[in-house]
Structure formats: C-alpha cells, structure tokens
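Okay, handing you the structure first.
Just so it is clear, A, B, C, D and E label the chains in written order, and each chain counts residues from 1 on its own.
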Amino acid sequence: MNGLPILSIITFAPLVAALVVLLLNNERAIKTWSVVSSFVIFLLTLWLWFAVDPKALGPGEFAFLEEYSWIPAINVFYRMGVDGLSVPLITLTGLLTFLSIFYSTYVINHRVKEYFFLFLFLEVGMFGVFTSLDYFLFYVFWEIGLVPMYFLIGIWGGPRREYAAIKFFIYTLAGSVLMLLAILGLYFSTGTFDLTALPGQELFGGNFVLKSLAFWGIFLAFAIKVPMWPFHTWLPDAHVEAPTAGSVILAGILLKLGGYGFLRILMPIFPDVFNAYWPVVAVLAVISIVYGALVAMAQWDLKKLIAYSSVNHMGYAMLGIAAAAATLNSSDPAVLDSRAIAVNGAIFQFIAHGLITGALFFLVGVIYERAHTRDLKAFGGLGAVVPKYYAFMAAATFASLGLPGLAGFVSEFMVFRGAFALIPYIAAIGVLGIVLTAAMYLWKIIQMVFLGPLNEKWKDLPDMHWWEIATLTPLVILFTLFGVYPKPILDYVNAGVVALLDLMS
Amino acid sequence: MTLEQGIFILASLLMLGSALAMVTARSMFVAALWMIGTFAGVAVLFILLNAGFLGIVQILIYIGAIAVLILFAIMLTPDVMGLKPGPRYTGQWPLAAVMASTLAAVIVLLLVRAGNDWHIADAAPNVTDFAVQLGEAFMTTYLLPFEVASGVLLVALIGALVIVRDE
Amino acid sequence: MQQLDRLFILIGDWFHSLLAQWLPEPVVSAIGMLLSALIIMTIAAVTMLYMTYLERKVVARIQDRIGPNRVGPFGLLQPLADGIKMFTKEMIVPTQAHKVVYNIAPVLAVTPAMMAFAVIPFGRDMVASDLDIGLLYLIAVSSVTEIAIVMGGWASRNKYSLLGGMRAAAQMLSYEIPMVLVLLSLVLMVGSLRLSDFVDVQTVPFILLQPFAFIVFLISAAAEVARSPFDIPEAESELIAGYHTEYGGMRFALFQMAEFVAALGMACIMVTLFLGGWRSWIIPLPSWLWFVIKTFILINVWFWFRGTFPRLRIDQLQALAWKFLVPASLLHAIMTAVLVTFFPLVKDGQLVVQGAEWLTTTVVYFVANVVLLFVLMLLYRPYVRRTVRQLRVATPAAAARQQEVQAA
Amino acid sequence: MQINWADTSFLLAPEILLTVGALIVLVLDLLIEDDTSPVLPGFTLLALVSAFGAAAAHLVTGVDDVALFMFAADPLTHFFRLLGIGTALLVLLVSVNYVQARSKHTGEFYSLLLWVTLAVVLVAGAHDLILLYLAFEFLSITSYVLVGWLRDDARSNEGAMKYLLFGAISSALMLYGMSLLYGATGTTRLTEIAAFFTIPETQITGLYSIVVPALVFLLAGIGFKISLVPFHQWAPDAYEGAPTPVAAFLSVGSKSAGFAVLARVLLEAMPAFQEHWTSLLVVLSILTMTLGNLVALRQTNMKRLLAYSSIAQAGYILMGLAAYSAGATFPADGLSGVLIYLVAYLFTNVGVFIGAVIFEQATGSVAISDYAGLIRRSPWLAFTFVVFFLSLAGLPPTAGFVGKLAVFYATVAKGLYFLAIIGVLNSVVSVYYYFNVIRQMFFMPAPEGAERVRMPASMGLALAISFVGTLLIGFYPEPFLNLANMSRDFISALPLL
Amino acid sequence: MSSIPLNWYLIVAALLFCIGLFGALSRRSAIGILMGIELMLNAVNINLVAFWRYVEVDGLAGQMFAIVVITVAAAEAAVALALVRALYRSRDTVTVEEIDLLKW
C-alpha cells in the first residue's frame, strides 16, 4: 500500500483512454490514439511482469497490494494485488488487446468511435478481474466485462450477431448471478469479501450442504465462462459471430477468466468441497476434451471449428485443475509435485491457448476479409496462392494441435504429466483428445484449405498485408519461444502455484 | 325472540334480499334501486347498533349522494330506459359465483369457529350526545384523518371535473 | 295562557293516562307514537290541500284575478273537489312503463316529506322525537326525495319524464350543498344539531343575526322543493310536466302532495332555524300558534315569488348554485366561524349572551353579513357584467342591433 | 388533550408544505390565464423542494419519534418522505412539457401531483388503520384521476377505469381485512394491535383463525398497490393509458408507498404472525417476478414493457420483506434491503421512464420498434438507457446491483435459498427483454430521414439527475446504505400526542 | 348487553360482502361493478360498527373508521362515474368486455 497504485493505474488506464476516444471526432485520430494507448498499456503490463517477483511472495501474499475502504457498511474493500498466477494473464491481456486494436484499425471502418471505446472499456473489466482481491470488486469487474463484449458482438458481428450477443450475455450472466448468491452466502458466514482472508475460513459453520451449494454456484459461473461441457453452447455462436478481434479476446482472455476463477477462488476457498467433487469436474473436463474435439471435427465452418477446439483446449486446463483438486489432502511429496505440475500446466495452457487461438482467430479473420466465407469446402489449394498465409496458418495449427516445440505441447504435456500421476484413468481418456485434434487440424484445415486442387474462384486471392503480418508475428514468435524455452514463464507461474497450493495445505 | 332480534332479522333479510336482487337484476336502474334497499337495511342495522348518527349519515351519503350519483350515471349511458338490457354478466360469472360463495362459506365458517373468542366488552358504549363526541374527536385525535378526508374529497372533485367537463 | 300554550301536550297526557288504565305502558307509548304520527300526517295533508287553495288565491290576487270561487264559499271547498277528482280518476299505467317502480315512486316521494315533521318542534315541548341529530336527520330525509323523482321519471319511459326527473335530481343535489353549508354556520353558533336547541338559543331570531344565511337558505329551499322560480323539472312549457307527465289520478296526487308537504316542511324548518321557531314575538299567543303564523308568512313569501319571478333556465339555475351560492355560503361559514370565536352565543351547551349583550351581538353579526354581501357583489361584478353582455348578444335581435351600431 | 402546535407543525412540516403548495397552485391556476406560464410549475417545484428540504432537515436533526394524530414521524417515514418527494420532483421536471402539450388543465395537474406526493408521504407514516386506509385511498383516487388525465384519449380513460375497478375491489378486500383485525383486537393502532397478540395465546386461539384470513385480505389490497401477481392486471393497462410521467410516478412513488404500508402493517402490527406472512410473501414474490418477467418478454410497447418490468421489480423488492428478520444485523434484516432497493429503483425506473417520455415527446411513439437506431439519433439518451437497463437488470456498477445485492443478501441470510435462486434466475430472464430494447437502439439502423431526438432542458435535467443517481449509488453506495440502515428503525412504542 | 350476538352481525356482513364481491366480479357494466363494490364497503361498515359496539368500549375508532369509509366511497364513486362518463363519450360503451383498446 505504498508508492504508486500501479495496479489501479493499469486497470483504469484503458478507461481513461476510452474516455479520450469519446472526445475525439476524427476517425484517424481515434485509431491512432487507441493503438498508442493500448501499446502503452501493454508496456505497463510488461513492466509489471518484471516488477513482480513471484518467488518472493509467500502463500497468500500479493505484490502491489492496494487496499481502500469502499463500502464500509458491508465491509467491502477496494483491494488489488497480483501474484504469479495473475501477472502472466494480465500481460497476456495487454498484449492481445493491443494486437486486436492494432488489427482492428485496418478492418473496422464502421462506427469506429464506439468500437474502440468499447474495446478499451472491455480491457478494464479483464484487468479488473485479474487484479482484484475483493470478491465484491471481482464480481463487479466480472460483470463489467460482459457489456462491451455484448455490443462488440452485436454491432460488428456476423449475420446472426444479435442472437449470439444475447446468448453470450444471458449464459454468462446466468452463471454469474448464482455466483453472486454464493458470494453473499460466503459473506454471511464469514463477514468478509476478502479473497486473501477467505481461504482457510470455516464456511457456513461447517455445513457441508451449504458449502456445496455455494461451491456449485461459483462453479457454474466459472464453468460457463471456461466453458466446460455442457455449459459451452454459447461459445460457438459467440465466437463465430463476433468480429475477428472480438473472437480473439473472447478466446484469448475471457475464457481464462473462468479458469483463473477456479484457481484463485474455488480451490483456495473450497478445498474440501472441491476435493469431494473432483470426479465430477474431472469427468466434465474430459468430456469437454473429447466432445470438443469430436464436434470440431464435424464442423465445416473454419471459425466454428476453432471455437470448438477451444472447448477442447480449455478442457485440458480444467483437467489439470481437477487433478490437483483430487489430491488436496495428500502430503506425499511425489503427489505434491505432480499436483504442482498439473496446475502449472493448466496455467501454461491458458497462456498458450491465448496466444495460439488468438493467432488462429486472426488468421480466420484474414481469410474471411478476403473470401467472405469460412466454409472449408469452398477452399482448396490455397497453399500456392497465399504462401505467407499458409505459413502462418500452418504454424498456428501445429501449435494448436500440440506439436512438440510449440507452446501447446508444453502445456498439454504438463497437464497430462500431472494428471496421469494423480487421476490416471480419467487422464487416459483425455489423451484421446490429443489424437483427435491432431487428426482434425491436419485433415481439415491444412488439407482442405491449402492442399488439394485449387478452387479457381480464389486464384487472385491477395496474400497477407503487412499489418496482418505485424499482428501475427509477435504471437507466432511467442508461442514458438515458449514452446522451445518455457522456463521463464514456468518459473514465474510455478512460484504462484506453489504459493497457492501451500496456502491450502 | 326479542323485538330487537326481530327487527334485526327483518332488516337483514331486507338487506341481503335486496343485495341479491341487485346483483341479479337485468336492468342497471333496477339494480341501483335494489342497492338503495340494501343501504336502507344497513342504516337500520346501524341504528340497532346504537350508532344512530352513522345510520343517518348512511342515508344521507349513500342514498342521498352515492345512489343518486349512480342513478345519474346510469341515465347517461346507452341503456338508459332499461328496455334492451344485454347480458348481465361477463363470461366468467360462474367462476365469480364459485369464488364468492366459497369465500362466504370460508368466512362464515371461520366466524363460527371464532365463536365467542371475540373480546366482547361487557358494557355498551357510552352514547350520550354522540354528535358532539364525534365532532370533538374529529378536532383532536382524528384531526389528521379529518384533514386528509377533506383532501380526498377535494381531489375527487377536481378530478371528476377535469375528466368530465366539456370544453 | 299557560293552559292554552300546552293545550296539545295536555290532551296528549290525558289520552295517555286514559289508555294507561287498560293497557301496559310500552303499548301505550307505542300507540301514542303512532297516533301522534298519524295526527301530524293528517294535519300536514290537510294543510297541503289548503296550501293549494291559498296559492291559487294569492297568485290570482297578484294577477288581478279572483281565483277559485265556485265550490263552496270563496271557493273554500275547491281543494276537496280537486281531491275527489284525483281519487276517482282512472289509474292509467303506460304500457311501456316499469310497473313496480312506476307505482312505488309516488309513495316514496311522499314518505320522506312526511318524515321531516318528526323532529320539528311545533310548540313549546311539542316535538314528536327530539333527536340529538335532528338537523342531520332533516337533511338526510330530504335527500331521499330525489330518488323517488328519478324513479318516477325513469319508470314512465318517456323522455320528457326522464329529463324532468334528472333535472329535478340535479337541481336538488346542487342546492343541497349551499343549504347544508348555511346550516353549518348556524350549527357553529348553536353548537348542537338538536332543533329544540336552536329554538332555545334564538332570543333574537337568527334572521336578524344572519340575514345573508337566511337569503341563501330561502333560495336553496325554494329550489330544493322545486318552487317557482325553480320549477324547471316540471315546467309545462319545456318538459310538458316533467317527471309526472305520465302520472295521473291518485299517483299524481301523491306527487303533488309530496311537493306541497315538502314545501310546508321546508317552511317549518326555516321558521325553526331562522324565525325563532315557536317563540312568541311581542303578542303573547300560544307557542304553536306563533309557529303556525310564522310558517304561513313564509309560505306566502313563496307564493309571492311564484307570482312575480320568471322561471330560470336550467343552466342558469345550476350556475347560480355552483358559482354563487356555494362559494358564498362557504365564505359565510368561514366568516361565522370567526365571529363565533369572538362573539360566542353558546359555550359548553349554555347560552352566554344575556340581555343587552344581544344588541351588540346582533349588530355585529348583522353588519358582518351585510359586509359579506357587499364583498361578494364586488367580487362578482365582472362576472355579472360579462354574463349580461353575453345574454345581450345571444338574442338575435340584440345581435342585429349591435351590428347596426357597429356599422354606424 | 393538549396539542403543542409549534412542535406539531415542525414535525409535519413536509406535509403541511405540500398541502399549502397544492392549494396555492390551485388558486394561482385560477388567477393565471396562460396555461403555459412558468409560474405554476415553478411554484410546484418550490413546494416540492421546500418539502424535500424539510424532510431532509428532519433526517439531519433526528427529531424524536412521536406519533401525531396517528401519524408516525419516525425514521421510516423520513425515508419515504424523501423518496416520495424525490420521485415527484423528477416527475415534475418531465411533466411540464408533456402535459402542456396534451392537456389544458396544467394547473390542476401540478396541484394533483402535489396531492399525490402528500398521499405517498401520509401512507408511509400512517400508524393507524384508519389513517392508513384513508391515505391509501387518497393515493389511489389521486392516481386514478392522474391516469385518466388525458380525457380525450380513449386509452387514458380506459386505463383509469380499469385501474379504478381493480383498485376499488382490492381496497374493499383490504378494508374487510382491516375490519377483522380491528374486531379481533379492539383497536386500530398498529402498535396496539401488535401488543394485543402478545397476550397469552390460550385467550385468543379462535382469533388466530380470523386474523390469518385478515392478513390475506390485507395483502390483497396492498398487493394491488405494488402490483403483485395476481393483483397486477391493472398495471400494464394503467401504465399504457396514463400520461407517461404519471406512469413513472405510479411505478415508483405509489409502489414505494405500498411497500411502506406493507412494512408497517406486517412488521409493526403483525410480528406475531411472521411465519404466516413470510410464506405468503415468498409465494407472492416468486409469482410476481416470474410472471412479470415472462410476460414482459412478449411486449412491443415500451410502456407496457416497463409496466411488466416494474411488476417483476416488485417481486424482487418483496423478497426483502419476505426475508425480514427482526434482530439481524444490517443489511441482513431485509427491510434495509427493501429501502436500498427502493432508492435505487427510484433513480433507475424514473430514469427509464424519463427516457421514454423524452422519446415520446420527440417522436410521439411508444413502440419499442421505433427506438431503432436511437444511438444515431441521440447518443446520450441511448447511453443513459443502457445504464438504466443495466441497473434494472441488476448489473454492476449501477444502483440496481446494489439494491439486488442487499435484497438477495437478506434472502440468503434468512436461508431462503430457493427464493434467492428463483430471484437471480429471473433477473437473468429480465436481461433478455431489457437488452431487446438496447438491441433496437444500437443494432438496428435508424429509419430513413429520422431526425435527432430533441430534449427539452427540464427533461434533460431530470434525465441527468437520475443518471447520476443510478451511477452514484452503484459506485458509492455508502451514504445510501447508511440512510437505509438509519431508516429501518421504527417505533415500537409511541408516545401519544 | 344487546340481545343480538355479535356473530349475527358479522355473518350478515360477510354474506353481504360476498354478494357484493360476486357483483363486482361478474357484472358486465362498469357501473354494475361499482355497485358491487359499494355493497362490499357497506358490509365492512357493518363489521366496523358492530365491532365498535361490542368490542371497543371506550373509543370511537369503529365509528370513525366507518365515516372515513363512507367519505372515501363517495369520493371514489364521484371519480368512477366521471370516468364512466368520459369512457362512454369516447368509446360509446360502459361494458368492461368492450373496453378493449388495451389488452387486459
């Protein structure tokens, strides 16, 4: 609580930028300003990455803690802080938002002012969720993020955008209101919203039924957001209809909010309940993996395919978390190790998936801008026409299917490494998913789009523009880099995970 | 059976009979006349209850004002002569009948069950010079209701005027 | 003198003791009540009959005619002849009429008119039932008549009757309000609703203390009983005969009777409220006789109205009530409230004004009334002028004349 | 009985100011020929502001609680004074242009607005069944007149007629309940009624079977005022027919009055029957919000939509009362949740109605489809609409969220989990139709040649006030929570004056 | 004490109330509904006065309540009939089933 309130600055800088957007009237000025400001914000988050030393933080300790009384009447605090779990996600948010805005400046020419306002506003909600340490504040940011996304899908989305927008909104809200009840229950039993104080508290006087109710309420909110089967049905619609940058953010960050919630809230606050129900979570995660993969395989719409693959990918992360939850009572060092690896894998998966799927959605956007279709059957033989695009797409696809040397592999490997040790049978089924994804990507994307006979219609398709390359290059570099040398990230994350797991035992 | 009881029974029969006739009458005008009969019966009950003042007020306001007003309203509507009265009831009248009779049964049952549990006072109320007592009460304990009642009447007056006045 | 004053009471007591020899007390008092009711009603009916005679005579005098003079000496048996005619006429019921309502209406019209007499003190201690809320009772009872009239008008199934009935009811409703408001000022002075208390207090009759109230009440009362110039509900020239167009014979007679009895009752009320009731003035006659004299004076005032004033139009009539009488009587009530605060007549049920104090009190009240009248006249001057101007323009001849003036 | 007139007039200052104001406006209306003269609304504003000031002063000075002539000048009353007068202020600001354009009787309208405010205040403070009934009917009758104000508009007539018929029937039911309650206890004073039921149960066993139906009857009457299902049928018709500012007042002002009565009757007079009325309220609450929300989904008329929405809102607010528990700490007691919700609801719902008035004034339409492309035609109006709808749906960081939070919290604290879950799910359903309007405004193109929506200054001011209020409560609810905390105390034993 | 038990009054009032309720719920004409409501109010008044006479000993609450009810009934009737008149002028009907511009 000393020095600059750096987290508040990061969180609300996009808001300031957004308000400035409202004041500007020139479209060019708006675009320039948005790019510049989001880049500055990204730099800030990057600085945060280096400024925080997660290893120095003990269990339950946070860096850059800020704490102000907000609503004393109900003991609500404006409390922010970061640790090894949240900083990577914050930086990822900064990066993806910047890239999305950069990309959007070239493709969005309709209702520009509103678009950039909403995009920057959306960033506030995402930062807020990752930085807040008060459940009330967390919830406020959680909900704030919904509204700009609703408009982004609804105004700049595809043909069924209105349906997709409201579906996204209603699904997410339905989950979060139940979480609200659970939050209120927590507050009633403990008298605090403090996420740093709640872990380890005796909830509901030990009443397991009530604890379970609260657990499932919160679980639902996060499971919908992640999304886990069977709460995923909003996702294909939202992803498909959202504008490219929206899909990127949706897949890259918003899904992580749910995963982050599992780690930051469900695990520490409800260790015993989570432990009791871990099979349910694990089974759902596995179903998500397999189901996501299978359904993705059946898609002919490129974007939908990637959307379903997100279900599959997030399933891995959830599997890691479920595996960790399964063994919360254990004190066997080997188990503890595997557990840490599983959770590390899950978080690494968040980051990897954010980068990879972000890239994939950008790539879908690239082709859609040109061909105005995403129908796989309509393409073919494009490899020769658009070689640069082919290269990028191939890289992203391989990363996504978990090719060793790319980020996806690292995370999946770690998750399964952890999970096999902890919950072998369920994990075994999960591995099926990996096989399926490989098949689907190779067969579907690469073969149907780039190989095979050329569809004459596309023979004059222009290759990628420089701004598209500029958008994608950082992502490709990063997921390659992290695939080859994940240590800096893993060290960082691991510190946070160890602290988290220590907190529970 | 005492004289009092006799009067009570007669008045009640008059009242309830008129009420039934009112809700079943075809012509609205005739219904309004039956309503006046009911009002008169109620006035008799008031007088039986030592509330002579209210009995008179009942006649003055209900018969002299409200009933006349209703008669007027009927005469300003299409079926003024009562020659071609359409259907009396809406389609849902059987439902209304069932509801009302059920409610009646329930209330009567409960009243019978309550039986003598009412905290009945032993003495009859002190009723000497009632008008004066009421007047004083209106100026002291009941001052606020009295003032509010005047507000109600004023508002009703303004409202009725605004709504019906031809311009 | 004492004996004479209490004549009827003595008769009553004698009769009571006579019956008490054979019958138990409750029955005797019941018979006594019934009998006094019967007597009052009979007297009222007979008086009403002769009121018609008197009216015709008085109006005839005003119009420089003789009036009824064939049946009996000075035509004194004329009402009797009329009565016999009425009772023997064929009872016609219009085929379209709602029979039951049509038949009940006249009866219902007479009843309340008769009921009013129950609380009027005709002489010292001569009151059938001295209710503590007598005044309220009077107002309540008189308001029932409207319903009978509306019933008669409606049941006849004749549009003139219907209009007549509605007009009558509207008129009565409208004029009830200033009437009650004026009574309010009197009640403020007396502090009671008991009619005998009114008489007790009037050492000086209220007509002197509250002349303005008397005027308003006189006008309202005339309208209330549909006396000319307020007899539009049954105006022959407008509505044939209003709500009793379709009535004949006995039923018509009942309606007529209701009207005259109501007028008589109203006169009695005014005597009680404004003219000191049965109190003697100067000449020490028996109290009941004084009452009768005062009543007939008032009745003649009405006959005099009838003979001299033209009939009002219905909208003028309503305008008079709502735009002048109601505000005026309201102001009057407020004024009285103020006066009563400083010059009370009654305190805690006791008369507090004695002897010479009456002079000052009377003067103060009288002057206040006159002032109020002047204030009202001032206030209404623009309105009256505007109305008069409109009336002038309204007639075609006047409009034409105005055009000529403008052209010139 | 000795009355201290100085104290009395101080304690009743807001009421007296409103009454005097209403009378003066009536007289001024006679003197001023010009219907569009600013004197009348100006004076009305003055009366409201001074009454508001007086009420606020009471809150600050913290006058002693006393019951004056059956009127309780306690913190709860102060709260509803502020609420009622505040609503009237906002409604007045939007009424001026609206009424001048539609009716000749502007003076009477302002006067009636003051009367109806007075009625709300009286209802909230009434501490005796007699005054309660009278004030309640005062409010009703004034509302009937206001709804039917557009005398040449058949819809207005019709709305008022239906309102009146429903209202009269349900108030007769309520009255019957009151008479039974009076008969059972021999008194009409709320606290004395409560005291009566503290005598040993054996002496009054038979009366229990009378009082419970009486309770049901009472709920019918009060439920009508706050448009609880199944006493809600009047609301959509009355709202649609009424002049829109009046609909705003009905949905907030008279609804809060209804809640004040409900709180007083249930908590002050019938605490002994809490288990009975709690279960009744739970059922009513579930029915109300569910039906309100479901029917709202199908509406195409803005005013009807808002009517059903406010029916649903009443269901949420009722949850707070259902969750009432006397000894609980703030805000788990339920009543304070109701109060917070009502403040939030005041700004939000009046705000959204103000938006509708502005739109109607500019375009003459109340169809939702005509809101298409509002973002092009008036970005600020569209933006405020979004905030209001978010608040109605209960999303942070708006007033509605704080209100819902408080109410749901009490429900959870009381252990009514089922009710709480139904409540939150309903608020999700409500998002659908609220966002349907937003969809029209933002996603649909504006019709060809549509002009910008013009906003008269007074309406803009009202809109701004409710907008700021909605966000202020959302961001900084502390003072409002404290206000609610303070106001939930009411008198248990009143000294008679 | 009176020779009439309190319950007699209450039962008569209850019956009157329910008859009124039936009228109010079933009549087609708005005026008919109003008349039903008047009956209900009268029934309540019987209750109030009976309770005043039998239960409340030293006070006037019951009578006061009844007077208030009568006052309110009068005001309500005035407004109602004004509305009936306005409605008849604009729609040529006073039948609730035909008052259907607004969906019920």
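Just so it is clear, contacts are C-beta pairs under 8 Å (C-beta built on N, C-alpha and C of every residue); 3 or more make two chains touch, one makes a residue touch a chain.
The model shown is predicted, which means the values in this text are computed figures rather than measured ones.
Separation of chain C from chain D in touch steps, taking the shortest path, is 2.
Chains that touch both chain B and chain D: E. Graph distance from chain B to chain C, where chains that touch are one step apart, equals 1.
When each chain is reduced to the mean of its CA atoms, the one lying nearest the mean of all protein CA atoms is D.
The interface with the greater number of C-beta contacts, when B-E is set against D-E, is B-E.
Chain centres computed from CA atoms place A at the largest separation from chain B.
On a Cα centroid basis, the chain most remote from chain E in this structure is A. Centre-to-centre separation between chain D and chain E, using Cα means, comes to 26 Å.
In whole angstrom, the spacing between the mean C-alpha positions of chain A and chain D is 43. Inter-chain spacing, taken between the CA centroids of chain C and chain E, is 33 Å.
Per-chain Cα centroids separate chain A from chain C by 93 Å. In chain E, the positions touching at least two other chains are 10, 17, 20-21, 25, 34, 50, 55-57, 64, 68, 71-72, 75-76, 79, 83-84, 86, 96.
Shared contact sites, meaning residues of chain B that touch two or more other chains, fall at 53, 57, 65, 72, 107, 111, 115, 118-119, 121, 142, 145, 149, 152, 155-156, 159-160, 163-164.
In chain D, the residues touching two or more other chains are 130, 134, 137, 141, 144-145, 148, 151, 157, 160, 183, 186.
Remark: the chains found to touch one another pair up as A-D, B-C, B-D, B-E, D-E.
Here chain B touches chain C in the complex through residues 27, 29-30, 33, 36, 52-53, 56-57, 59-60, 63-65, 67-68, 71-72, 75, 80-83, 129-132, going by the rule given at the top.
The part of chain B that touches chain D in the complex is made up of residues 106-107, 110-111, 113-119, 121, 140-145, 147-149, 151-152, 154-156, 158-160, 162-164, 167.
Chain B makes touch with chain E in their complex at residues 2, 4-5, 8, 12, 15-16, 19-20, 22-23, 28, 31-32, 35, 38-39, 42, 45-46, 48-51, 53-54, 57-58, 61-62, 65-66, 69-70, 72-74, 76-78, 86-93, 95-97, 99-101, 103-104, 107-108, 111-112, 115, 118-126, 133-134, 137-138, 142, 145, 149, 152-153, 155-157, 159-161, 163-164. Residues 1-4, 6-12, 14-23, 25-29, 31-32, 34-36, 38-39, 42, 45-46, 49-50, 52-58, 60, 63-64, 66-68, 70-79, 81-86, 88, 92-97 of chain E are the ones that touch chain B when the two sit in their complex. Residues 129-130, 133-134, 137, 140-141, 144-145, 148, 151-155, 157-162, 164-165, 168-169, 172-173, 175-176, 178-180, 182-183, 186-188, 233, 236-237, 240-241 of chain D touch chain E in their complex.
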